[in-house]
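Two complexes come next, and they have one chain in common, chain A, joined by chain B in the first and chain C in the second.
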Partner chain A sequence: MNRLLYLFKRLLLAVPVFLFGITMSFMVLYLGPIDPVLNILGQDATPEDIHQLKVALGLIYQDGSTVPLWSQYLKVLTDLLTFDFGQSWIIQRGTPVGDLILNRMPVTLWLGFWSVVVALVVGIPGGLYAGLRANTWRDYIASGGGIIWRAMPNFWLAVMVVGLLSAGGLLSFYPDLWVSTDVIGTSDSVGNLFGSSQVFAGMPLLEAIWVPVPKWTNIATAIKWILPAALVLGSSSMGNEIRIGRTAVLESINSKYVETAKAKGVSGRRIVTKHVGRNALIPLLPIIMSEFYLLIGGSVLVEKVFSIRGLGNMFFRGVLGPDIPLVMALVFLFIIVQVTVNIAQDILYTFIDPRITLEDTER
Partner chain B sequence: MSDTTATTTREELTGFERVPLRTRIVESPRPFLQWLAGLFALVAVEFGTYATLAFAMVERAFVGVTALVELLVGAVSGSATSTVLDIQAAGSTFLTGLTEWAGSLPTLFGRETIPNQGYMLGPNGPWKGTFLGLEPALAWALRLTLIVVYALFVSYWLFRGWKIYRDHYRQADWTPTDDMVGRLRGHRWGQFGILVLLLYLSMAIFGPALGPTTVEQNIQSSYSHEIKYYDTEAESVETVFVGEANFNSKSKGSGENVGPMTYDNYDRFHPFGTLSNGRDLFTFLMGGARITMIVAGMAIGIATLIAAILSMVSAYYAGSIDLGILTTADGIVSVPRLILLIMVSAVFANHWLGNILDGGFILALVFAFTTWPLLWRAVRGPALQVAQEEWVDAARSFGQRPRTIMRKHMLPYIVGYLLVYASMTTGGIIISLSALSFLGNGLGISAPTPAWGRAVSLGQSYVATSSWHISLLSGLVIVVLVTGLNALGDGIRDAIDPETESAEAEEAAAGGGA
Partner chain C sequence: MSREETAESARDEGDPLLSVRNLQTVFHTDRETIRAVDDVSFDVYPGETVGIVGESGSGKSVTARSIMGLVDSPGEVLPESSIRFNGQELTAFSDAEYREVRGSGIGMVFQDPQQSLNPVYTIGNQIREALEINRDITGAQATKEATKLLESVGIPDAKRRLDEHPHEFSGGMRQRAVIAMMLACEPDLLIADEPTTALDVTIQAQILDLLKDLQEERNLAILFITHDMGVIADISDRVNVMYAGQIVEKASVENLFERPEHPYTRALIESIPGEHSRGEGLNTIEGEVPTPNAPADHCRFAPRCPQAFGACDKMAPQHIDVGETVEHTAACLLYPEDKAEGERLKHHRALAGGDDVKTEVSNDE
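Moving on, here comes the complex of A and B:
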């Protein structure tokens, strides 16, 4: 079975998974005890207004009879599949949800990208390092750090980091490190900085990165801003990578093929890169992939604490609204990301480890 | 009855006679009776605590189950729901009465026996109302130590029960469990995990007696309780409402702060300081331990049960049943857990279903619903391996029913793996639960019931001030528990399977996050 056919089969299997996720979210949002009309119009609305709104929302027909649930469901489903997300109810009433999401997406992508990078750059070398020096004090520091990193809740770590950065004191001897004055003016508090920052309103960041000739100072500033949040968001993945990297290295370093390589005189460096490193990647792959999964949920918390105005923050406000079209569209995107990552992981497996046949990866 | 046939065959083959445990105990009752007497004494001294907790939990479970029944019945006929509601109300009242009765029983380590809340008679003492006239801090520390020692001793006694069973009543001289216990003996990291779990369980059980004050008095209805204190300005003993005393004991940065291990102006000792609203942080965290352990325990219990059944079913039958379960599991996992939790929690925030167990009931259900796919995926591999063993084939060939095969020949082999992953995923559940309470706005455990996440959120603005203790200590409580659960998982993994320190074994459990 070649990879293309396999990909096709995986995509086919993803369809019911995808539908299941959407249906589940639909049931929570549409069958749950939410009264959208009350939330939008408030207590004292005239019956005509209520009637009109209900028609506009697709809850009742013009003659007053209720739209059956299955037809609401089909409408939601077809709208989502055609990327017609409708209009926001509460957050910015009347604004197309697609515009809202596009506006907020860059910040979240930026945050997600850096949290993956930070976790990878620290986690994997850390794990290899600990594994190659197993049971020394260096190993205990690295893997102990991994265990603690993994056990720390994102939201708590975020609170601590924001607190320390805004504290002044010890960290303020070099305030320019975190708080850049040339873009956001005079702000001495990081919490304040993230809240009122122009960069995170969306557009300036886009310009900083996508304009034909990027301004390096702008990019540097944007990275500097996002790093504390990215570090927090990537923390548990980093811990996982250290731990699993360590065990994976230990597992392969004691194996027969490494022994053989040593016996025939392969240099130590080459053994690590060629034999240990590559095999250690196999169990690490799902961890790296599951990072995306953690990112989506974690971004809600981290963005809230750091006052970053990204998708996670918007999702939270949307749920509290409740702004159902917005929430539904975001969940739709999250599911797409999740399903895609799952498929990508299985395909990547076949590249990293040719022993794993395509049939095996169907789990 | 194919079971009986099977047993007879084995008995004939091995000459091994099965004697019921009861008969074995009656034959030489002495060790058992000694152990039982010890257990009886241990339970008796703290009977009030256990009974209160048990009745309260039964009451909550009863309300929860009848509420679900009402929901289902209501879908069929409207009139039947009122009957269900009547039953619910009557049962609830009865059980609440029992809870109150149990709460009035004296206990050996209760706050009535070793009181720590007192007041000074003069500017430098002596103390009145505390145990032996000790300083409140000392009286509290004494009670805390005694309870912890007691709880650890009870755990030891239960373990001893197993040892007595092994040495005196078990028919087999050796089982794999002996080796597992033996391996845990040399496993310091795993023992750390067991210790942490035991400590937090005792926090959950003895929480009301562990704090320097009670959740009832200090947090939930602080304006219906009065305390006495020595007023330094008036130079006399005064009486004040707890709520008022709280109001003047806030920790809000450098201006007003009651730090860890200090007294406030009302002769009250605060081991962890006060919250930004003046309530006692230690008491708050103890209260949070109870609801956290109940919700996490319920969630992981249900999830493990579902995962165990489905993993065996999918391994035994394989094929399209397996594929169906796989698709369902993937579908559930396709919505990120925290996202689903936030949605459900927000949607049911003002609904009666969201009020059972202070919102914990529905959260536990959602946690169970979203956790079983992870466990199932982790255990499915081992289950598949067992299903292909010859003894399963043999059992099938002489006509044992699938249910019996799964229970007798497959379950024992996957229980260990289930424990490992359950222990490790519980950490993720606890973190997510705290995260919801942290977010507030009707999500998570509803106020005023204490929740760890809410304590972190209350101290959010004071991290870099002199009131640093609020967020830091409440977060550390979570970190220690999650680390302990991971250690426990590592310990069990090494105990059941010391050979393979496999990286694959870890990945499924590597949830964390939120």
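Moving on, here comes the complex of A and C:
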């Protein structure tokens, strides 16, 4: 089947996924014990204020009767599908949700980018290394490390890393190791460094880096600042890559086709780069692709612990609010990323493994 | 038999292409050392087919891998072994030198064509790789040569099929492609390790015919490994029968089937299906091949041998000439046939060399 046709088919199939995801999120938010009005106005609000706000939020009609849930649901749904995300209820009352998301996106992308880089740069070579030296002490160190990285939960590791790097932590003797004093390590920890760092002070990342001239010191500071969080966020993917990579390499290197390749005189290096490499990539692909989800949506806990004011952090506060337009818009975004990554993965498969075709009726 | 004659004459002319002497390949495990190949010697002359036949676990494949230098840790080819190919001592070769021999000197076809081609590359890619490495042929020239090779192994529409992947080929076609890939290296010797075992019978016959044709065209020597006596009878000029890491009988293919001398060979031939009338049922050899983990100070077939006697457990049999024709030997204490038991044992002891400790034991008989 033509790849374009396949893409079209997959996009059609994504529609139910969108509907399901949005419906579930809506139900969880609305059926929970929420009271956005009280959260916005506080305890001392007058009944008139409350009434007005409820009307403004679309919860009741002017005459005081409740807007039916299905009607609210339809409004949320149609707004999302027409890309009308509305205004934030709580996080920044009155600000368009789209602006809020665009404002926070660069930090999350920056974090996600580095977590993917850390995972790829350590995980893939680590897995290859362990697989090629299977059952030696080097392999045990590498694959043991893989299991440990995989096993440490994000939230715990994040707390440990913050503890180590901030004031009084083990590594705080070397403040210059990771953090200049305005990064981690002050009593305010990561939180206010975000405000005080010139890099992300309210402006888009690109502006900080490229305009008017690239500020290399700023980039360096930004990298140094994000690395601990990126390591934590990428840790489990990194561990997974080491483990799956090792298994995939081992399976391939012990295969008959590698033996046959040796029998026709192929050198060891070429066996690894050509014959083992591409075959080992097949099981690694879903893990690598799932990392790209980290770019956007995987960072709620890590951003929370590191007090990084990105999308994940905002999502967390939005749910507690509840800032329903913001949360729904973010869920919508997360679903888009997830569906895109899945489709991209299935199409990529056909490029690295010729046995996989996009046909569904053949043979 | 003309094939037999050409092989005979080739042998008269000169030196063997491959000469294996005292090959010992062991596998070290935590608990024991397994002597997968234990003192095996044989020759392969240019243009002939030598068969190695034996049950599963008799060490046939390990013999082949030892010759190819493909035995990896925990396996080890012991230093007393000698593998001479084209006058070069392969056991002394470094990895890089061995790589030169693989492919362009000795090619190898494996048992399972489903798995011996890399699934993610096209057939053409894999054949061109062999051409590039062994003969420095690249580009359009390589494609042309690869097409010719595929045609020569009987794959129709070769040019188009070069661009197909292994999973688009049937089992028999895949084995043909593997053979073409090995021929791309222009080897003098082709080791075929059960190349037909995974194929059904009609395809088996086609592949055997193909190998015979290619041998004639290219004066290719073939070392053919199988457990199938029928296949051996079809393709071999000479046969080595292996049991538990050792060769127990060597003979030309005619002699082997007409006058098998070693009790194991006889049992093997008797257990070929279809050789007996239906009513008798199929003969089998009771028991199974022992794991050769102790030194060969006895006959390893003795526990399953209908003709075993006391000395068989105490003394290693030596190869004895058993036929009127040249090169028919069997390693069995029943030979030389014309001598009494005591004489025979003395003869074997003398062949083994005087310093054998086991000699004292068997003196008491």
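Worth pointing out:
Basically, the second predicted complex is superposed on the first by the 311 of 363 C-alpha atoms of A that agree within 3 Å, B and C clash if a C-alpha of one lies under 4 Å from a C-alpha of the other, contacts with A are read in each partner's own complex, and residues count from 1 in each chain.
Simple rule for what comes next: a residue touches a chain if its C-beta (ideal position, glycine included) is under 8 Å from a C-beta of that chain, and two chains touch if they have at least 3 such contacts.
Not measured: the values here are computed from a predicted model.
Bringing the complexes onto one copy of chain A puts chain B beside chain C with no clash. In the superposition on chain A, A:M24 makes contact with chain B only, while chain C stays out of contact range. Of the two partner chains, chain C is the only one touched by A:P354; chain B is not. By the touch criterion defined above, A:V300 lies against chain B but remains apart from chain C after alignment on the C-alpha atoms of chain A. Of the two partner chains placed by the overlay, neither chain B nor chain C lies in contact with A:R269.
Note on chain A: of its two partners chain C and chain B, the one contacting more of its residues is B. When the two complexes are overlaid on their common chain A, residue A:I335 makes contact with chain B while staying clear of chain C. With both structures placed on the common chain, the touch criterion links A:E259 to chain C but leaves chain B unconnected. After superposing both complexes on chain A, the closest C-alpha pair between chain B and chain C lies 14 Å apart. Comparing the two complexes, no residue of chain A contacts chain B in one case and chain C in the other. Interface residues of chain B facing chain A in the complex, by the touch rule stated above, are 326-328, 330-340, 342-344, 346-348, 350-351, 377, 380, 427, 431-432, 434-435, 438-439, 441-442, 453, 456-457, 459-460, 462-464, 468, 471-472, 475, 478-479, 482-483, 486-487, 501-504, 506-507, 510, 512-514.
For chain A in complex with chain C, the residues that touch the partner chain are 255-257, 259-268, 274-275, 278-279, 282, 352-355.
By the touch rule above, chain A contacts chain B in their complex via residues 13, 16-21, 24-25, 28-29, 32-34, 147-148, 150-157, 159-160, 162-164, 166-169, 236-237, 239-240, 243-244, 247-248, 250-251, 280, 283-284, 286-287, 290, 293-294, 296-298, 300-301, 304-305, 315-316, 319-320, 322, 327, 331, 334-335, 338-339, 342, 363. Residues 68, 70, 95, 99-100, 102-104, 107-108, 110, 112, 115-122, 129-130, 133-134, 165, 167, 178, 181-182, 184-185 of chain C are the ones touching chain A in the complex.
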